[in-house]
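Shown below is the structure under consideration.
Each chain carries a letter (A, B and C) given by its place in the written order, and its residues are counted from 1.
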Amino acid sequence: MKEKKVEEEKSDVLRTNLRKIEKIKKLYESLREEMQKRWERDLPLEELLFDRWERAAKLGFGKGSSVYHSCYVYGDVKVGKNTWIGPFTVLDGTGGLKIGSYCSISAGVQIYTHDTVQWAITGGKAANSYAPVRIGDYCYLGPNVVVSKGVKIGARSIVGANSVVLSNVLPRSKLFGCPARPDSDNR
Amino acid sequence: MKEKKVEEEKSDVLRTNLRKIEKIKKLYESLREEMQKRWERDLPLEELLFDRWERAAKLGFGKGSSVYHSCYVYGDVKVGKNTWIGPFTVLDGTGGLKIGSYCSISAGVQIYTHDTVQWAITGGKAANSYAPVRIGDYCYLGPNVVVSKGVKIGARSIVGANSVVLSNVLPRSKLFGCPARPDSDNR
Amino acid sequence: MKEKKVEEEKSDVLRTNLRKIEKIKKLYESLREEMQKRWERDLPLEELLFDRWERAAKLGFGKGSSVYHSCYVYGDVKVGKNTWIGPFTVLDGTGGLKIGSYCSISAGVQIYTHDTVQWAITGGKAANSYAPVRIGDYCYLGPNVVVSKGVKIGARSIVGANSVVLSNVLPRSKLFGCPARPDSDNR
């Protein structure tokens, strides 16, 4: 008798969840359809629910800047005007990060102002180390670019996809590779 | 008196949210347990709620194709049959993107048919530029591969992890690196 | 008459959704504000709702380990103590994956114990192939590192950002690049 009751309770939990899931699915479908009609795009739920310009404004980023909702923002991050920050990005401002105006921070870009190398290899004994990063105005960071702590990237620089920037970059540079080096062929 | 009321209202908001969060957590746990039992995997909430074959079907992709819910799909994207599109991907069809059948589009792959390089370095004056991309049948694009606008990748090609494809690729090619070059050692 | 009713029903659906979305937005805002106050970070909704130490514990990972909620975990994954697993990661244990203690598995890392290369180029005829991976204690895997099936990485190794590890790595190695090679300059 008791066992049967437990079984019934279980299926109640399941039934409630199924109803809830159906409701969430309907909401998702209606949001997708609207986005598809208006902007011809199909995005993760979070991007359909929320507004990426609002997120940027709440973070104090400059007018016209936007940041996708799959971006992880840590610590003190300052961003200028009209900068586009894509999905799957990490903006680590724990050591102080400043990004200029009219930058294109492509999907998958990760910018760090700390690292955990010493933390890992000492088994947690060494502390993290920190250094600020500064990205100038009018910069293009391609998809999956990683910028290490302490780096300054001068204005109007272009960093190619999947590059790793380990040292300072002069203004109007064009870089590519791991580690990123001047891309002389394309200058 | 008035202040006390405000305080009470605040805590009501908090209490309601905590109850809501508890409900969402229970839903999440029940979905995780089911996925773990059935498929031995532990995935982000969105993948537990929705079906990636349904998403592909709604986008008009071919029979048997699937696309994870963390994928961002823009513009005109056509995909053949039985193609697998992983998490953290970007399919940009704003300049026209066609992907064949039986392709493996690994996690983190980003395929572009436009870029914002000139937009950034001119401070928003230059327009974006567009060019179509075509991925043939039976291709393997490894994790985090980036494909630039205008590129054609021939059928049965293999592109290694973290590579960047900047120019056309003949059928049955095997490429690796930034930029991706023929991987002669492994041919 | 009938048409008018359909119209009214439609707008009811829309109105209900808008109310629902407003509720979700309020919940999101309250969670963001709390996270910002406590930890000075602004994260995707899923990270605000759930706890990454709880997730690690449910997966049987060692004490003090954590795994972000945007991580995809497949199959048999064993993780030691105090290991940090970042966002946008893939832990594929379908061929058996063991990660040690005090590892730093950075954002975007993908570790594989199978691949679908043959599956793709044979049009689904060839089966996937599997091989186990073992990451020793005190290892640092940088952002977007990809580890291929069958690889052993010895303890206290450092793998630089955007590297691809295709073969075994001795303990205390320092590697970088695609494919990852010893980084002799920095030793």
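To be clear about the criterion, a contact is a pair of C-beta atoms (placed from the backbone, for glycine too) under 8 Å apart; a residue touches a chain by one contact, two chains touch by 3 or more.
Just so you know, these numbers come straight off a predicted model, no measurement behind them.
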{"item": "Relative orientation of copies chain A and chain C, as a Cα rotation angle in degrees, nearest 5", "value": "120"}
{"item": "Interface residue identity across copies chain A, chain B - same or different by half", "value": "different"}
{"item": "Distance from the mean Cα position of chain B to that of chain A, given in whole angstrom", "value": "14"}
{"item": "Shared interface positions of chain B, touching two or more other chains", "value": "70, 88, 108, 144, 162-163, 178"}
{"item": "Touching residues on chain A, where the partner in the complex is chain B", "value": "13-14, 17, 20-21, 24-25, 28, 32, 40-45, 47, 70, 82, 84, 87-88, 101-104, 106-108, 137-140, 142-144, 156, 158, 160-163, 176-178"}
{"item": "Parts of chain C lying in touch with chain B, wherever the complex brings them together", "value": "26-27, 30-31, 46, 49-50, 55, 58-59, 69-76, 88, 90, 108, 110, 112, 116-117, 119-124, 144, 146, 148, 162-164, 178-179"}
